[in-house]
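Each of the two complexes below includes chain A, the first together with chain B, the second together with chain C.
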Partner chain A sequence: MTNKFDINNTFDPDKEDQAPKISKEITTKLPTAAKGVDHYLRRTDTDPKAARRAEIQVATLFGASSFFTLVFLVSFVAIPREKKIAVSLIGVTGGQNLVLGVSFGFAILLIGIGAIHWAKKLMSDVEVVQERKEIKPADDVQQEALDAFRVGAEESGIGQRKLIRRSLLGALALFPLPFVVMLRDLGPSPKGELRETAWEEDLHIVTDITYQKIRPEDIPVGNLVSAMPENILEIQEEEQNLNERGKSAILLVRMRPEEIKSQQGPDWDYQGIVAYSKICTHVGCPIALYEQRTHHLLCPCHQSTFDLADSGQPIFGPAARRLPQLAITVDEEGYLIARQGFQEPVGPSFWERGA
Partner chain B sequence: MAKFRRNRFASVLVLFFALGLVSIGFTGINKLVTPAAAKIGSEETLVDKGSALFAEGCSTCHGLNGQGTSDGPTLAGVGAAAVHFQVSTGRMPMAAPGAQVMRKKPSYNEAETLALAAHIATFGPGPAIPSAEQVNEWQNASLAEGGELFRTNCAQCHNFAGSGGALTNGKYAPSLGLATPLQIYEAMITGPQSMPIFSDKTLTPESKAAIIRYIQELNKSENPGGMDLGRVGPVTEGLVLWIVGLGSLIIFAVWIGARVR
Partner chain C sequence: MSNTTTSKKTPAAYNYVDSRVGFSAALKRNLRKVFPDHWSFMLGEIALYSFIILLLTGTFLTLWYKPSMTEVIYNGSYIPLKGIPMSEAYASTLEISFDVRGGMLLRQIHHWAALFFIAAMVVHLLRVFFTGAFRKPREFNWLLGLALLTLGLLAGFSGYSLPDDLLSGIGLKIASGIIQAIPVIGTWALYFLFGGEFPGTEIIPRLYSIHILLIPGAILALVTAHLLLVWTQKHTQYPGPGRTEKNVVGYPLLPVYTAKAGGFFFIVFGVTTLLGALVAINPIWLYGPFTPDQVTAGSQPDWYIGFLEGSLRVMPAIEFNIFNTWTFSPNILIPALILPGLMFVLMGAYPFIESWITGDKREHNLLDRPRNAPTRTALGTMSLTFYILLWIGGGNDIIATTFNLSINSITYFMRVALIALPPLVFIATKRICLGLQRKDLEMLLHGKETGRILRLPDGGFVEVHQPVSEAELPKLLARETYPVWELPQKVDANGIKTPHYHRQMLKARISAWWTKGDLPIPSAKEIQAGQHHAYEALEQASEFGVKPGKEEIVSATNH
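== the complex of A and B ==
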């Protein structure tokens, strides 16, 4: 297999008998696979002036690249780093960064464009086909490799030295064991952690971030409150992580009682105030895009939409389960409290969750 | 070949020209239909001025006594703050019904807006326009607390940089870039359109001030790269990379592979 590139096929401008299009006889001299392909000569093949022009163009591109490299070097020193400049369409930005980026980009881009222009206009333009090599090596090469392997095996003496062979096999057999043992670290099992939240009976509902207890009269119709259980900060302090915050976040909204179509339990609202988990049942994004007119709650991650007036049922999007509702009431001082914990796991599905 | 190429460019040019004509025409029509602000005599009281303006500009949809019609909701109990928000942001009077009422150039000046608000406030009790002291409290508020409150209560719809975002069925949360501190305050206590209310009891005036402070800071913060690309994060950034970055790579690939004549 030889490379069939035919160096003699390139155009010679001094010959006069060459037509712009290669004649039948020349085509037969071309590499086999190129037969039948109409080969056109480029203007730069036939017109020395055009070739000269192309040469100048390529040199200009390379020259421009050099210019931009110099611009880069100069601006690195000359432009103060903190200088801001305003550029139309882009806005106010760091002047040095912009010039450095643009000059470096053009320096490398123009080398590339020049090289391609050179290749397309001036380098040899012959259709070339390289035959695919056979996958199977030649017989002698194959035999040589097999011989080398056999000699190596004999020289190592693995056939005679049983002690070495057996101890090696034993070592190789034991070696994967650490990988099996390390599977233990996938645990410990989270047990109830995925099913339980901090919410329990009589726990006060407090506003998130400001942690104030809430009275029902503080929440007018159409109001939205992001809320937490009152002991959330203590739990965070104790557990040294935000897991409980991620599970216990709830939303309180008030609608007119006659707007509530259904709830997850009898009278789980308090005078039209309903509390739902803030965690999407699809993959657990916090959702609070509450539209107070439609009572729709939209998850920003995958557009799951829940209807808070109708048991938190999903009405659109990939979420398959309703948002868990928290039953609420007020204590004797008139502050909102939970009547019980969540009755189903909040957030996305997990392996052992069940239906 | 050359002729074919000319034709292709010509069609693109014609398309752009037609687009330009349409946009110029649309702007012109928009200007024509914007109602001129009514003239007010200085001898009238605020409510009387508002009453006249209301009858002229609002009663068609909201009813002569603000009782509401099939075209617009009742205004009883919306309060002066809601009126000031809707009118000063240009959302009311509405240009055309649709999923979302958009911010535009206000049709009434500040005095007229206050008169309308005073008149509509007589329909029923509702949130009053917050005082200047209440609103200006943001200048003393905590930026860090504002950031925390903004991310918990506002960012879900208005985006982490206050750029707004999509809701359901063509509705959207608007960008906060043009909202004044007073308008932000009013929006929180009145809950315009899809936005829920954030009452003073569950989001205290101090918390509101902190949120406003944070929004002011967001609005004036610089974009390190120059172009903000809408400040909506990886969506537009990715789009630019795909179109400009990949697009230019494809153009180069086509050029490299093209036959030279």
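== the complex of A and C ==
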């Protein structure tokens, strides 16, 4: 076969068309005979004064390191925790962190600089050559190793005694199972919680910081309010986690009723106030950047953009689904309430979500 | 000399230990082990030292940090957050930052070291790739390195989430969104990892045990294997005078390499500490405690997650509904799982693919100069371009606000650029490499141009060329070419079908593409002829009274 070729590591001077590594004929003709590695004497090699200077420099660096360690120890006790120091370029900063860090930093750094200065100026800088041993052991060593293995295997009889071999393999295959099974209680089985939120009919809409009920007139046109269902704190208290907050968060936006191009249900707004899930349908970041003029809502994580005047449809970015809308109205006292729960799962996609 | 050393008395303590451990043979072999010296060999060292710094500072942090999502009311010394409900994890991070002396410093060193750890691994990987250090016998170490990089990314992400602040919480939310998008098992995977829905109360304690036990343990084991292999295989070296495939030229472990490498550890540690003192990083007290209904604008992950952030942002919105029953989300799966998976698989397979294409199964201890492997170098810069574009895409909001650009235009640009730019970079890199090879060839056959033209007494002009110095010559001679595999015949002369015809065909085509544009290697004779000619010309010139400099020869050309 012609397309097989033989590559040797060594250069064969008889083969002219082969790449020369370092041709002896060339190197001997060069101005200085190539012994291989060049070596130049340093100042510190020839001048004892320079060597002495270098020695003092190294010792000074190490000495300065000790000094900085002492500075650290003293400032650890001496600088009060709340002390603030103003430094140009970095501004006001915790004084303790600054002094402790700088002293510790120099204590460490100077050891390193000292050691390298020592190596470069005073330690022998003659490069040395070491031959590489072949990584692959000699054939007979390989054979001996394999033989040892074979003898061992034969002595155990694992080859002939099929019963033992198979039962052992079976046992070894089964015994990790308990470890796998014990992982079962890492989490509960999903029971459709991803589809549900706390929202239901007649639930008051409250602000997400002061938990006050909201009247339509509290929201001027063009404003955006982050809101929660009124029972959110009770749920949090009961479940001892923030799961519901991550699903029930909504945004209220008021626009002029004629600006609303479409909604997810007939008259799901109240006097131009629309309520949409605050959780992005891409990977679930809370969405918060609202552009008044266009009614676009931008997710700060991956810039999915939704048009709140047009059913919350995604108009840009990686999100593929609209933001679910919450139908709202007011109760007899004039506070905003939900007319019903969300009609589709909020938040990011999941396999069982369906349409 | 040797007499005096052997006759010296063995120190009692040494004898005591050696007669119980028996390490003299190993010390004898290794204390003067040679390590080649080059700045680019320090990159892996930076990664190793950063890891040690991480272990040190991390151990200290565990003394005060509480991995718990139980809600507490903050009552520490950071006034702006007093009285605010938050998780114990966040509160204890505030405690470390404001109430433990040196705690802020430890946190900041830890975070800086984490950034350096991964950065050093990435740059080390690039060095290994572009110099061909992954070739036989070092393929396993390439794979170990990739595993270490993967673990490093996981370590970074899990640690980043531990303070349970608003910024890192958003990162976790994104991770949960990605996990629940996995077909079939997504919801289950989410529930198993988070102990139910996001955020639950389990994820911080779980990430904690992953971050401080599982991952560092695995990294420690793999780093040990990585270094053992470097030790037994001996380090690669760049071509240079006296350096061959069969030797290693450098400084002995004791004293020079110990002083340099040990000193370098202190330098890396010192610089990280100074950064921790002077440059604030991850000021979680400004972000506030995590709550799943709030977000900060301009939120950015740590740099090493940036490429995933970018791929998520740039991906178009593609999602399918299967029979109205299942939701399938390529808009999440492709950028967040398939793409990084593919990147790592391709990197892992690369050494084997390259040796299959070139047919080169030899051992390599001399590194390639990137120009001498044009196709590999071009593939590298092409991939790097793709990665950097993703990374830039991850900061599209920052770019948009900083430079007053439309975020939509940046994203559309990225979508096109990610497909169009890498091939252009491939072509450009390959041309540059071949250009540099031509320059090398020119130097081999004619010497270095000096720009000096001499006028001879007979009116002729000669151009003075500087000879290639002894130090440079091995570098220039280090290039190799690979033969192109011949196109196979479907049926041979005897009418017998060629076995594996299609595979051979593929190999022949790829090999032709791989070696396309390769310059011929000058034969030893050609180079010698050039040199002879040059020396003759030199003599000729001196006959005319021209005194070339010590290191100059005169090239033959008489214009």
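The rule is short, and it goes like this: the second predicted complex is superposed on the first by the 202 of 355 C-alpha atoms of A that agree within 3 Å, B and C clash if a C-alpha of one lies under 4 Å from a C-alpha of the other, contacts with A are read in each partner's own complex, and residues count from 1 in each chain.
Definition applied: a contact is a pair of C-beta atoms (placed from the backbone, for glycine too) under 8 Å apart; a residue touches a chain by one contact, two chains touch by 3 or more.
Keep in mind the model is a prediction, meaning the values are calculated, not measured.
By the document's definition of touching, of the two partners only chain B reaches A:K121; chain C does not. Of the two partner chains, neither chain B nor chain C is touched by A:A145.
Of the two partner chains, chain B is the only one touched by A:R293; chain C is not. With both structures placed on the common chain, the touch criterion links A:L100 to chain C but leaves chain B unconnected. Once the two complexes are overlaid on the shared chain, A:G222 sits against chain B while remaining clear of chain C. When the two complexes are overlaid on their common chain A, residue A:E131 makes contact with chain C while staying clear of chain B. Considering which of chain B and chain C touches more of chain A, the answer is C. In the superposed model, A:D208 lies in contact with both chain B and chain C.
Of the two partner chains placed by the overlay, neither chain B nor chain C lies in contact with A:I158.
Of the two partner chains placed by superposition, chain B and chain C are both touched by A:F316. In the three-chain superposition model, chain A touches both chain B and chain C at residues 90, 93-94, 98, 116, 125, 208, 226, 286-289, 300, 316. Interface residues of chain A facing chain C in the complex, by the touch rule stated above, are 2-5, 7-9, 13, 16-23, 25-27, 29-32, 34-38, 76, 81-82, 90, 93-94, 96-98, 100-102, 104-116, 118-119, 123-125, 127-132, 135, 183, 186-190, 193-194, 208, 226, 228, 240-243, 245-247, 249, 278, 282-289, 300-304, 314, 316-321, 347-355.
Per the touch definition, chain B reaches chain A in the complex via residues 145, 148-149, 152-153, 156-157, 165, 167-168, 171, 173, 191, 193-199, 201-204, 207, 222-228, 252, 255-256, 259-261.
Taken together, the chain A residues at the contact with chain B in this complex read 40, 42-44, 87, 89-94, 98, 116, 120-121, 125, 207-210, 212, 214-215, 217-226, 253, 286-294, 296, 298, 300, 305, 316.
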